[in-house]
Structures are given as C-alpha cells and as structure tokens.
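Have a look at the structure below, then the notes.
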Amino acid sequence: MSIALVALIPLVGALLAPLTIRSGRNTCALTVGAASLAALVLLLTHAPAVYGGEVVREHVAWLPQVGLAFSFFVDGLGLFFATLILGIGLLIIVYARYYLSKRDPMGRFYAYLLLFQSAMLGVALSDNILLLLVFWELTSLSSFLLIGYWRHLPEGRQGARMALVVTGGGGLLLIAGMLMLGNIAGTYEISEILQRGDAIKAHPLYVPMLLLVLGGAFTKSAQFPFHFWLPHAMAAPTPVSAYLHSATMVKAGVFLLARLWPALAGTDAWFMIVTPVGLVTMVVAAWIAFFKHDLKALLAFSTVSHLGMMVMLLGIGTPMAAVAAVFHILNHATFKAALFMSAGIVDHEAGTRDVRRLGGLLRLMPVSGALALLAAASMAGLPLLNGFLSKEMMLDTAAGTSYAGLPYLVPALATLGAVFSVAYSARLAFHVYLGPARDDYPHRPHDPPAGMWGPVALLVALVVAIGIVPPLAGPVVARTAMAVIGTGELPYYTLAIWHGFTPALFMSMAAIVGGGIMIAAYPALARAHGAAWRPEAKAMFDAVVERLVAAARRVLAALHTGSLQRYMVFIVATIVAVGFLAFYAGGHGPGGRAPLPASIPAIVGWGVLLVASAAVVVFHPDRLLTLILTSVVGLIVSLAFLQFSAPDLALTQISVEVVTTILLLLALNLMPRRGVGEPSAGRRLVSAAVALASGVGVAVLSFAVMTRDIASIAQYHLEQSKPGGGGTNVVNVILVDFRGFDTFGEIIVLGIAALAIFALLDTALRGASARRLDAMRQEVESADAHPLLLVVATRVILPLALTVGVYIFLRGHNLPGGGFIAGLIVAIALIMQYLASGYAWAAARARLDAHTMIGAGVLVAGLTGAGAFVFGAPFLSSSYDYFHLPLVGEFELATAMAFDLGVFLTVVGTVLLALFQISRVQKRAEREPVPEGPMDVLLHSGPPRPVARTARDEA
Amino acid sequence: MSHWIVAPIILPAFTAAFLVMALRHDLARQRIVSFGATALLLAVAVGLFALAGDGAVRPYLLGNWPAPFGIVLVLDRLSALMLLLTAFLALAVLVYACEGWDAKGRHFHPLFQFQLMGLCGAFLTGDAFNLFVFFEVMLIASYGLMLHGGGAPRLKAGFQYVAINLVGSTLFLFAVGLIYATTGTLNMADIALKAPQVAAGDVALLRTGALLLLLVFALKAALVPLHWWLPTTYAAAPAPVAALFAIMTKVGAYSIIRIHAMVFGPEAGELANAAEPWIVPAALLTLAVGAIGVVATRRLLDLVAFAAVWSMGSLLVAVGLFGPRGLTAALYYTVHSTIATAGLFLLADMVMRHRGQLADRLSSAAPVAQAALVSGLFFLAAIAMAGLPPLSGFIGKLLILDAAREAPSAAWVWSLVLATSLVVIIGFSRAGSVLFWKTEAAGAGPLPAGSAAPGPAAAGAPRWPASAVLAVAVLIGGTGALTLFAGPATATFEATAAQVLDVRGYVAAVLGPEAAAQLGGAPGVALGR
Amino acid sequence: MEYLIASGIGVLTAAGVYLLLRGQTFPIIIGLTYLSYAVNLFLFSMGRLAIDLPPIVDPAAAGYTDPLPQALVLTAIVISFGMTALTVVLALRGFLESGTDAAQAERDGGVTGLAERSER
Amino acid sequence: MFARVLPHPWLTVTIAAVWLLLVNDVSAGHLVLGLVIGVLVPMFTGVYWSDRVRLRNPAAMAGYVLVVLWDICVSNVQVAYLVLFRRGDGLRSRFITVPLDLRSPEAISVLAGTITMTPGTVSADTSADGRSLLVHCLETDDPDGVVAQIKDRYERRLKEIFE
Amino acid sequence: MIAVSCMVAIACISVAAVLNVYRLAVGPDALDRVLALDTLVINAIALIVVIGIWYATAMYFEAALLFAMVGFLSTAAFCKFLLRGNVIE
Amino acid sequence: MMVFIGELAVSALIVIGAFFLLVGSIGLAKLPDIMRRLHAPTKSTTLGIGAILIASMLYFALFLDAPSLHELLITLFLFLTAPVTAFMIAKAHILRDRPTQQALPPTLCGTGWATLHRPPAPGERDGEAPGAGRPGP
C-alpha cells in the first residue's frame, strides 16, 4: 500500500490544512509541508528498487467489472514525475507561505494545493488507465479551484471555468480513449498494456483510440490549438502558476504520451499527428510569448512552447527523441519553476508584472535578479546551463527527422522555435532585470525574505549543476527514459556539453543570433505585431461558449414555452404515433367472435353520445353547457354499463356522476363561466387532427379486441367467488377479496385526494387568493338560498337515501352494490342536505369530521387486512361464516364486509371533505349575507322579518 | 411467506392514517412519528435487501389467493434494491423537511408517508393493474406534496404536472386493458408466460399494449419527448419534495426494466425486446435536451431540474441497452442519480434560502450563509451529478459507456454521453462560479427589476441546523460510498440484472416450476417461497 | 353493438383529446373527464360485450360476462374521481391565486423566462 | 326521551317499509332489521328535521292519495291532449297566486307537489313569507276557479291531515 | 305480446330520447337543457324498467332506483347554481 | 285466460307508460317557452314511469313468480323529486327572465316572491333589489 500512500498522504494534508490554519499560518504551512515531505520520503524509499531495475506494483480491486482498480506502480518514469511533483511542491509550499497575504485564506489554499498534489501523484503512479483517468480529472477540478482561488477577480473565475472546460472536456475524450484502449489491449493495467504495443497498434480501432487519447493529452498540455486556456489560468496566485502551469499539471499530457509511448508510439499515425502538433505549438507559442507584456503570460506561453517541444520529441517516436524529451522535462521543470517564482517575487515586490513597467531590477534586488537571469539563460538554451543540453539534443533529433518527405521542415521549424525562445528569454532578461533601474515602481522593490528566494536558489543551483556537470542527471534520465521506451535498450547517447560541430550546434548558434536580432528589433516587431490581426483565443472561446448558451436558450425557449397546450400536443402525438407504429408492425388478423346485433336504444344512446361529444367540442367555452353535456355523456355511459351486464359499474357511474357535477359546479362558481375559444385556426386544426387520430386508434383497438375471443383468469374468480370468497357478486368479491389490495390502494388514493384538497384550500383564504375572492362580483342572485320544497323534500329523502345506502352496502357482497357505491349514496344524501339547508346551518347541527372518517376508513380496511396476520395468513386473507340469530334468521358475516366498511368511510369522508372545503372558500366570495337555514321562507312568524345577518359568519 | 414483504406498504399507510386521525394538529409529534416510521421503513428495507440477497424470488400472495388469480407482491433483488433506495432517500429528505418545510402547509407528513407507500407498492407489486393503482397512489400523493405551501407559480406548474400525469394514467389503463385483452391475465409472471403464446393475429394488439405501457413509464421517467413536465415541476416543487421526486422518475425506469426487460424481455416470443428500438434514441434525445437545459437556464432550480432530465437520459440509455451489462449500469446509475439529484435539490434550497428576492436566480448576491460548507457540498454534488471523478457519476458513466460498447448505437451513445457531459460541466461551472465566487458585499447585489428589497445579509442569516446539513451530507456521502464500494455494489447489480433477465426463474417462483417449463428451455434456478 | 361501442369510445377519446389540447384549465378538466369515460369503456370492452349475463353467481344463469374488467373499471372510476376532484380544486386554487385559468406555467427567469441578463 | 329516540314515528315506519321493499322480502328478520334502521337513521337525521310533524288525521291521507292519483291520471290525459293537439303558443298560460292557509312547511310542500303533479299546473315559487304560492297554469281562462279548486280539493284536505 | 309491447315501449322511449336531445341541442337557455337532461334521466329509468321486464330480471332495478333518487340532485344543483351561484352555501 | 288477461294488462300498461313518456318528451320539444315546457315532462313522465312500474310489478308477480313491490320505491322517489325539480327550474327561470318577472302576479301579503324578494336591512338599502317581486296590496 505504500505507493498508494504516497498519493494519499497529501490528501490527508489537504484535509488537515483548513483545520490547522486556526493554529496559525506557520503551523498550517508546516503541516502541509510535512505531509509533502513524508510523501516524498516514502516515495524515495522505492528509489533503490526502481534504480535496481524493478517495477514496484500494488493492486487493490475497485470495479473489476469495468477494469478499474486501485493499481499503482513505480517505475523510472513514475518515480521521476512523482519526485518532481513532490520536490517542487515542497518548494512551492515554502514559497507560498511568504507569497500569500494575510487576507488570503491560506488554509483553503493549501487544501486545494495538496488536493492537486495528491491527484497529480495519482496520475504519475497509477498502474491503471481508468484510475489514471480519475486522477486526471481530479487535477482539472483542483486546478479549477486553485485558478479561481481569488474569487473576487473576474479573470480568475473566467480562467478557472475555461481551464475546467478545456481540460475537463479533454478528460472526457480521454475517458473514451482509455476505455477503447483497455478494450483493445484486453487489460486496463498500464504495465500490461505496455507489453502489448504491437497488438494495439495493429488493431483497427487504433487510430480513433489514438485520436481520443491525444485529445486528452493535448488539451491538458495546452497544445495547439488548445493552447489558449493556459495564459488565462495565470489569474491564479503565482505559486499555483509555478506549480500547476509550469512544473506539473500541464506536463500531465506530456507524461501521458510518455507513459503510453511503448503502446502507442512509433506508428505513422502517431508521428503524423503528434510531431506537427508539438512543432507548431512550439513555434506559435514562442512567438506569442515574445510579445506578451504580462510576465506570467510570457512565461506561460513559453511553457506552452516548451511543452510543444517535448510533444514533438515524443512524436518523433525514436528512442533518442524520447531520451531528449525526458531530459528536457527535467530541465524545464527546474528553470521554469524558478522563473515563475521569480515572477512572483517581482509581482510581490514591484507591485506589477507588466514588462513595460519593469526594468533594471537586478540592481534593486540583486539576489533574486541574478537567480532569475540564470534561469532565463537556461530557458534560452545558453551553454553551461541545463536548458542548453536538452535543447541541443532536441535540435539534433529534429535535424534527423523528415516529415512527409520534407527533410528540412522539422529542423527549420525547430530552429525557428529556438530563435523565438532565445528572443523571449532575452526580453525577460533585458526588459525586466537588466538596464537602468527605474524609480517609478509603486513601491521600491528589494530582495524578499529568504523563504521566497530560497526555493528559487535551490532550483537554479540544479540548473547550473546539471548544466556544468551533465552526468549528474545521467541516472535519472537513463532510468526514466528506459521506462518511457519500454522494454527496449536505451539508445547510445552521452550527456555532455560538447558534442562537436554537429548540425545542432549550428542550429543553436543560429537561434542565439536570431534571438539577439529579434530583441534588438523588438520595438519595430512589437509595432508590427500590434498592428496585425491575430486571433484572440479567449474571445473566440468566450464567443463559442456564449453562442452555445444562446443557442441552447433559443432551443429551450422554443421547446419549453411553459404552454401546457404545446406539451400536450407533443405528448399525445407521440402516443398516437407510437401506438400506430406498434400496431402496424404486424401480427393482426380479423377476429372470429360474432358481433352482437345492435338494438334501437343502443343506437339512440350512441347518437346521443355523438351529439353531446360534438357539442362539447364546439361549445366548450360555455362552461355550464359543457357540464350539462358531460352529464348527458355520463348518463349514456352508465346505461352502456347496464346494457352490457355491469350493474355495479352502472351504479357507481350514476353516483360518481352526480358528485362530480356538483363538484364542478362548485368550482365553476368561482371561475370564469365563459372560457375563450381557440383563436388560432392552425391550433384548432392540429388539435383536431391529433384528436381524430387518437379517436380512430382507440376505436380500432377496442373493436379489434371485442371481435376476438380469449380465455382469461376470470374463470377462476367466477368459480371461486362463492366457495372461496363467500359472495355471489363476483365483481364485489374481486374488489374486496381477490383484488382487495387494489381497493386498498384505491381508497388511499381517495384519502390522499381529500388531504391534498384540504391542504390546497386551507390557504385559499389568505393572500392573493383572498383578495380575489373579496373582489368577486356576483351576478344577480335569488334571494331564496334554501327553497322550501327542496328543504322539505330533503327531510324525507335524506333518511330514505341513507336507508338505501345501508341496503346497498349490505347486499354488495352478493348483489350489485358494496361499500363504494353505498358511500357515494350516503355522501350524496348528505350533500343534498347541505345543498338544501346551507353549509353553516347543517354543519352546526351535526359535526361530520371528514378527516377522522378518512383516517378511520383506511385504518379499518388496513387492520382488517392485517388481522389475517393473527392467523398466520397473508395480508387481506378473508374469512366468512354464516350465523343464526333468533327472529333475524341466518345471515352471513365476512371480514370482507369490514374491509368494505373501510371503503365506505373513506368514500364518505373524501366526498364531504372535498365539497365542504370548496364551499368554505366560496363563503368568502359572498357579497350579501347568506340567509341562515334550514329554509328562507318564514312561516311561523306573523309579519315578515328580515333574515338574520349577524350569525352568518360564525357557525 | 415472509409477512415482512408487505410491511413497506402497510407501514406508511397506517402511519399516514394515524397521523391524519390522531395528530393532525400537532406538528411536533407528527415529526416524531413520521421519522420513526421512516426509520423503521429503512430498517425493514435493509432486512428485505438482505433477505433478497440469497437470490430467491419471493412471492407474497395477498389474500392467500394463488397466483395469478389474486395479487402477488414479489420480493426479488430488484424490488429490494429499490425499496432500500427509497427508504434511504426518504429518511434523508424527511430530516431535511423537518427543518421547516413541513410547516409551510397542511398534511405534509401524511402525504409523505402515502407517497412512500405508493413507491414501495410500485416496486413490490407483481401485478400489472396493481402497479397502476400504486402509480396512482404515488402520483396523487406527489401532487399533494408538490403543491405543498402553495403560491401561484407552484399551482400553475402543479396543474401541468397533474394534467400530464393524468394523461399518463389514462394511457396506463389503455395499455393494461390491451394486455389483459390479449393475454387474459394481469399477473406479471403470467403475462410473461402467456405473451409468447398469444395467437398470431393478436400480436399487434399485445405489442401496442406493451409499447403504450412503455410510453407511460417513459412519461414518468421524463424521456423526451414526454419530459415536459419535469423541469417545471421540479423547479416549482418545494425543495424536499423535489428531492424526493428524484425517486419518482426512477419508478418509470424501474417499470421499464421490470416490464420491458423482464416480462416482455428476451423470452417474450414475437414480442421479445419490443421496446428495444425505441428507448435508446429517445434517451439520447433526452441527454441532449437535458444538457441544453442545464446550460441555458438562468435559475439554479431549473438547472438542477434539467440536470435531472439529463441524468435520466443517461440512465435510460443504459436501460435501453437491455443486456445484463446495460441493466447493471442502469441500476448503478439509478442509485447514483437518485441520491445526487436529491442532494442537489436540497443544496439548491440551502443556497437560495438566504438570497431573498434573488432566490435561485443565477446572478451575484451576497455570500450565502455558511458559504464554505454550502459551496463545498455543492461542488461535490455537482461533481457527482456531472459525472466527474471521483464520485459515483463517473463510475456510472464508465459502466454505461462500457455497456454500450458492443451496441449498434455505440458511436451515438458514446459521443452524446460525453459531449453532453461537457455541456453539463459548463453549465455547472458557470452556475457555481456565479453563486459562490461572484459574490458581493452584503445587500449590494443588483436585483432584478421589480424586486423591492435586497436579500438579507448572509452575516445575519441563521446558520443551518445540523440535521439539515447532515441530511445533505449523508446523501453526498452516499455517492462517495457508492464510488468507493463500486465493485461490490456493481456485483450486486450484476446479480440483480441477471435475476431480472431470468424470467423463467421469476415465473417458476411465482407460478410454479410447471408453468416455467411452458416457457421452454430449462427452468430457472429460483428457490421460491 | 361492437361497432357502436368502439366508435363511441373513439368519439369520446377524440372529444377528450381535443379539449385536453386547449389552453385553459377548465376544458382540460372536462377533456380528462371525457378521456376517463373513454378509457373506462375501453377497459370494460376488454372483457368483450355480453348482454344480460351479469357476473352474479346464480345457478340459473346462462353464463357470465367477464367480471375482472368490471372490477378494474370500478377501481379506475374511483381513482379518476379522486383525481378529478383534486384537479378541479387545483385549477380553482390556481385561478384564485393568479387570476387566470390559463394552463401556462411561468416563472420569471426560469424555464420560460425571457428577459434577464446573461450572467458570466 | 321518546321524541329523541323516535323524532318522527311515521318516518320510522316508512323506513321499515322502504327496507322491506328494498330487500323485496317480508320476513321477520327483515322487519326487525327494517325497524332497527328505521330507528337508527332518524336518530342521525333528526337534527336536520327539527320540527315534529304531527299527522292529525292519518286516515284522511288515504283519501287524499286516491284523489291525487286520480287527478294525476286525468291531468296526464289533459296535458297529453294539449301537447299533442294544440299549438304551443296558442295555449293560454299564466301565473296565478294561491293564498295559503297552511302553515307547516311539510304541508305546503305536499300541496305544492300535488299542484305540480296534477292538472295543468306547476308550483313555481312561494312568497317570502310563505303565505302565497305561485302557480303556473298551462291552459286556463279562469284563474280564480283554479285557485278555488286547489284550495278546496287539496288544501282543505291537507289542513285536515296536518293541522 | 309483452315482448311486442316492450319493443313498442323501447321505440317510444328512444324517440322520446331523441326529442330530449333535440331540446338539449336547441336550448335556448341553460335551463331548457337542464330540463332536457332531467327528462332524459326519467326516460332512462323507464328504459331500464322495460328492459328489466324484457330480460325478466331484477338485476337492473337498483340502477333505476338510483337514477330516481340521486338523478334529481344534478338538476337541483344546476338550478341552484343558476339561482345562487354557490351550490352549497 | 288469466294468463292472457295478465299479459294484456302488462302490455297495455307498458304501452300506456311509453306513450306518456313520449308525450312528455314531445311537449318538451314542442312547447314554446320554458314554463310551458315544464308541464309536460314533470307530469307525463311520472305517469309514464308509474304505468311501466305497475306493469313490471304485475309481470314479476304473475309470470316470474317473484312478486315484488320494490318498483314502488322508484315511484316514491319520483313523486318526491319531480315537484322539486320543477320548482327549482321555475325559480331559476323567474330569476333569469325579466319578462317573466314582469308577468308575475302580486303576492297576497307584504313580501315579494321568495326568489326575488330582498328583505330590507337596517342601514343598508331601503326597499328591494332591482327586479324584486312586487308586494301585494
């Protein structure tokens, strides 16, 4: 587990950072520094093994189904990178401790930084390409957080988003690429993939896979044309830029190319793609860097350029090129990190990073200045510094490379890149550090504390040491390059300052001369550059994103208009289309069932239905008429149920119809009585077409079904109804017994409806709704709210209807009826009373607690079902028996009846609750006092007397 | 027959009825009872999950009537998994809701319990019509919850939600009718048994029924072009309700798996995998629409809602692949998407709570209360949702891409899944940077036209109670756990997928081995009863 | 008879769908009512048509119609009643709150929002 | 006590009778059950029918019922004639006011119901003090005659029964 | 003979229903339509009873009873709506 | 013979009932205004149904050996409800139709017709709402 721990320790440090910051900035920095150091020490314990030629591996299963595993290994490349990450990381931690101001939340900074470090170590040490992917994306995320660290800066936010989008997007390509690679290789373990290079390169999917992997690598390493995000990431605090955007994260793409080099490199495709991308990046980025005024931007583009160089080297695909790449990675990390930190020092001390406002700093801050100059010289590739060595190797390799039959293309461009490289390094040296000291700085710069220049000094020491004694880097380069190249032997090379008069030497000299000319001609070149049009990558990126967003908004606005009408058209049309397609996919034949002859009343009923339906479509804005027509349709439907042997359904439909009508009337009273017709003929047409298609479809389906026979499970229900369920009304036995669970759900639906209605209307007497009710204008109303005849008829009908309800309830098990219908009848009877005498009067006389009824109904039904548990039987198991009572005779009692009682209670409760709640709301809209019930005609008094006004509100 | 199988349905039902009867004026006690019942539900769900872990399919014969004549509940790995997920989510959401949302209207707790009952019933039932009933229980409770607290936008959105779902319910009946008309049965196992035996001339009717049913489920699952209700509804719903609704779309996905991958799955004769050609294209459209919405919206709740659409697209892509690997990925993604969506909705609520008139508008304002905590959690939830490592969305994405590898639509699936991921990342990063980074001094934020007063200063805003934070943290921790234990979790889902696809085993358990023998081939290895 | 029932169901469906596709809540509710008539009859017709064969067990009966669809329809009627009641109240409540019975969902700056400045 | 248990004895009897009609079976068991329901239901509905109806002369009711039934038959024939053989707009229809001597709401309602069911008349409204009944006649030249006939043929009998 | 008279009755009732629908369609007032609906219900009751005689079954009796008992409430509610707006006040 | 008389009676009653039902509906369709239309269905249909119900009772008693009187219940309910229906429709018509209001005869006492009468309220309007019925002399 020790390799995994290398990556995990910084993560622990990240978690500790926000905690330890409470004990002070030093404690915090020390803690995270200790974490990094511990990881570094742990890592280096593997060095002997690695340098002994071993590959140390660890494997813990994670998601074997896909091939994802916690696999880590240390080989030369991994060790090299991890050391780089941790070593430079340590320096950055020290540097940042002094760089960050007191106002900056340091705990968060270190947390992000170590999170990043952990992710980066994961990338370097993963032995599984999917695990590598995980860490890869984590580096993008943590860099997003780091770039956006100064959240008040818009550049920070935008830069962070851009970096995330580009590198995260590249990560998505990499997901695809890695999955393909793993599949092609038959393994996701890197150490195994590296053994299977030949098979991979021969695979038909090699090229698409390669493109996806390169997409990931190029975005991360800011290769042309994805180079634009990196400069904007410079909004981050300088330690971040130094760490992520020079030394580590941006090298992840290069690392990936190196890591997979044995598996992917060496093909034509590889060479044809990778080399030119690197080459172009090298040249273009260097050219841009030369003209940048922001010190960090200059360094950033120079980084891009150097990354391009490494990519180009890896693209060439020869072992020699790989060695050069490895050597340059090492060298670049040292001098570039030193330069970034120096830039931070400049920024910190001089208060600006603008090259035009800087100059002569060497005199003002001699230590830092000297260090920076050395690093810049290394970047330019001047002899006796490490940058010179690897650049020579690069030029040497380039000199021997022919691209697409053009032998001079690669060397020429490489030289050009070197020219520019010298130029921008010179610009850095001459325009910032050399020359006369300026005195127009915001505050006078001087050397910072040793904590800030110390890390720079350490790096520059390396720069110089390697530059003078190249073999110092020998073992590292050799071991690393061996890991990159894979199983093969290392090519012959020597790390030396002098190789003789090679083409590279001439190219190098040309570069220095050319660079010198360029810096001399800077003012003229800068004018020309300023005048020329050049693509502004950030603006283009922003434009692309904004266009994407705008297009998305247009699409969304066109789709999600908020119009239910449109949504419904889409939905119904989809249903119709799928229905038709499904039906016509085949498998239909004529039915063999003989049709029933049509009877006169059926035809008349059919006609009535047609007329009512047509009328409702035409006259739907007249809402009262709509309700009347709907009642007609309900009547016909009830009769149809009756005609076709479904008395229970008819009874239900008849009662439901009445309740629904009253409910709709109640609502209509508070809503507009007239709707607006559809003004758009087009929409009418579309609706009609969709409606017609649905109608035809449904008619065809039902006709098809009715004209063919089947055998259904209902035969069992018919046979078992009496012996098994104790009832002769099979429909009722199905409802309360065979499928009692449906009924249990159904009464719960009713109960919920009531609760929801209650909750909805509970607030109707407050806020906007109450104001609207108050403002309602009633039409001319009858003075007589409770007509005499209605009241008196109700006095008789109510008890009789309740009697009928009892009757319907009790007979339900054997004959049409049952709890639901009985409940509706009883509810209707009570509604009749309320309708006749008024709500206030009737409610004052008998409190009907609808809530309790509903709760009790559900509980009674449920407990009846649960009663079966006592006998070890499943929920809703029923039982019945016959009893004998004197006088009454034999009668049957079934548990199903208790269940039906629950149904009954719930139905009554629901109907009452719903109607009474609406009625309660209506009261608010009354303009005139409603006479108190039971009837308004005054019979017993002699002279006429006014209706009571005071008692109307509270009852 | 273990009676515990019916417990997830009747426990919430009794709780709700009790709350309505006895405690409807006492919110404090309602909370206690509701929490206790939900915790108990979670315990039962854990128990049932463990029980189902032996691979047996356990029918529960309600009313003691033999299948297929009565209604059966069926506990198998799939139903147990969904129960567990539901109970886990419910508990977290309930804890959050008790922080104050439940006091904004009447009957929150009874409706919540009824909602749980409907969900559990839908997951447990082995009967097509009973599934309809539980859909209705679930839906009507969801209507009540969605409208909880009122307000004009919510009422208008609620009407759309209700109306569209009523169309779905109607369609459900048409579909079940056709299935009954051709197979003569309602029991799912029996339908699976009868479907291959349907007369040649009746196949079109049965196919129509099956595909109309698919549309019903697709409507619930917000598959484009039936997704219209989701963004409006989720954005308008109270936060805990929107969070709970994360499981509602999964009911649609579950039903597709249950009915179209199992009942009308590979063994369904003429109808074998009839739904297959339809789902993936629609799911890819869903991905696109979801991603477009994420990047286009100007409000956080809409963004999360469209992210939910997008994640349903991903999930349904996996469902639409149908094979064992597709289903495995779908199940993983189901769990992930439920938890992540719910967490995001709760976080969105935490974000907007103290922003005053700005609410969830994506424009800068004073920093939210406990910004570090809230933004940290939001960052994690967004990572999970967008499918970035290291949280479960990434694993889910890997599984889906891996499962799609061999499919004819592989190129489409891969490109759309990845491309829309990028768009979603863009959307989330824009939103997050505006909400948490582009903050302004308290009270100085620009306000939309017409708003009267600036939002309250974060400094004065009350801190979030630990319970609410814990609820969110548990959800996000859930995605973390799902990532860390992706291997064992996926192994479970593989077993679940295998069980789903073993329709013979299911039929043998529900209807007996003789019945399963009619399906041809060797009867499955179900252990039954 | 089958022609009458099938076409009747078709007509009810068509009328229901037409009303469903209107932009106001009230016709939508009526449309849903029509659709529920249609689907109830449809579900009922799935048991095929039979005249004077009610499913009441009776030794003298000539036969029985299929009772199961009837039970299903009954459940469906009850559920659709509950749904209708809720929908009606919802429409009413929405009207009271907003003053319009248009079935348009609006949320400024939201899914349907048009004018709000873009944020970057 | 008696009034609380049996607020409307006649209602109890009616309910028992209705029960027997409903079950279509006259057995001891059903008679008992009917009476039980007849007692229980009014105990619940009694709150809505607070005034007690006294039937002073139940025997007279039978006569009244016969008269009304006869009149209904006659009225049906008359109306049928008018409907079938007269032009609708040729009918001399008008409202008339019937002064009421009856005071109990039940009695007034029975009268109004009777008027609606019998020759060419429909009860259309009452006055706000309940002392007049508005009746619409389908065909008449003699409003006073109609009023007199109503008062004599029905109201007088009802007064005997109820008051 | 009974069968023939039943057929006659059914024919008469059917014609009656057509006439009701005529009034329903023509109106002109909502009240005319309410009255037509009420009459249609009464015709339906008659139809049910006649068909009960025709099939010699009492199975449909309750449906007729229910129409008679609750059918009027719709009519009353429609009238109450036109009279007072609020049906239950 | 008895059977024939029974059949005859049943048949006759059925036909008579159907006839009155038809007449009621003809009246509904034919008569020119709503108050007149009200007469036809409320009366004819009651007798029409009554006759058919008697036919049904006779039929079940004579031919099916299942004597039943429950048809009486339908009659009972119709007799209870038909006048109410007519009353309500008439009241609604009076309220909605200005010419009808003008044609109303006066009441014979101090108040107007219940539908139109607005009782005077202290401090509010003195008198009656527009369209209120006129009190008699």
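By letter and in written order, the chains are A, B, C, D, E and F; residue numbering begins at 1 in each of them.
Note that in this section contacts are C-beta pairs under 8 Å (C-beta built on N, C-alpha and C of every residue); 3 or more make two chains touch, one makes a residue touch a chain.
Everything numeric in this text was worked out from a predicted model, so none of it was measured.
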| item | value |
| --- | --- |
| Set of chains whose contacts include both chain F and chain A | D, E |
| Pair sharing more residue contacts (C-beta pairs) when A-B is set against A-D | A-B |
| Identity of the chain that, by mean CA position, is farthest from chain C | D |
| Whole-Å separation of chain centres (CA-atom averages), chain B against chain E | 48 |
| For chain C paired with chain D, centre-to-centre distance based on mean C-alpha positions, whole Å | 41 |
| Mean-CA-position distance for chain C and chain B (Å) | 25 |
| Residues within chain E bordering two or more other chains | 10-11, 13, 17, 34, 58-59, 65, 69, 71, 76, 80, 82-83 |
| Set of chain C residues in contact with two or more other chains | 20, 25, 28, 40, 42, 45-46, 52, 54, 56, 68, 72, 75, 79, 82-83, 86, 90-91, 93, 97-98, 103-107, 111, 118, 120 |
| Junction residues of chain D - those touching two or more other chains | 18, 22, 24, 109, 112-113, 123, 125-129 |
| Touching pairs - complete list by chain label | A-B, A-C, A-D, A-E, A-F, B-C, C-E, D-F, E-F |
| Chain C residues touching chain E - in the complex, by the definition given at the top | 52, 54, 56 |
| Chain B to chain C touching residues, read off their complex | 129, 133, 136, 140, 143-144, 147, 150-153, 155-160, 162-163, 166-167, 169-170, 173-174, 176-178, 180-181, 186, 231-232, 235-236, 293, 297-299, 301-302, 305, 361-364, 430, 434, 438, 448 |
| Chain A-touching residues of chain F, taken from the complex the two chains share | 76-77, 80-81, 83-84, 87-88, 91-92, 95, 109-111, 114-122, 129-132 |
| Contact set on chain C toward chain A in their complex | 1-30, 33-34, 37-38, 40-42, 44-58, 64-68, 70-75, 77-79, 81-86, 88-93, 95-99, 101, 103-107, 111-112, 114, 118, 120 |
| Residues of chain A that touch chain F when the two form their complex | 780-784, 787-790, 793, 796-797, 800, 936-937, 943-947, 949 |
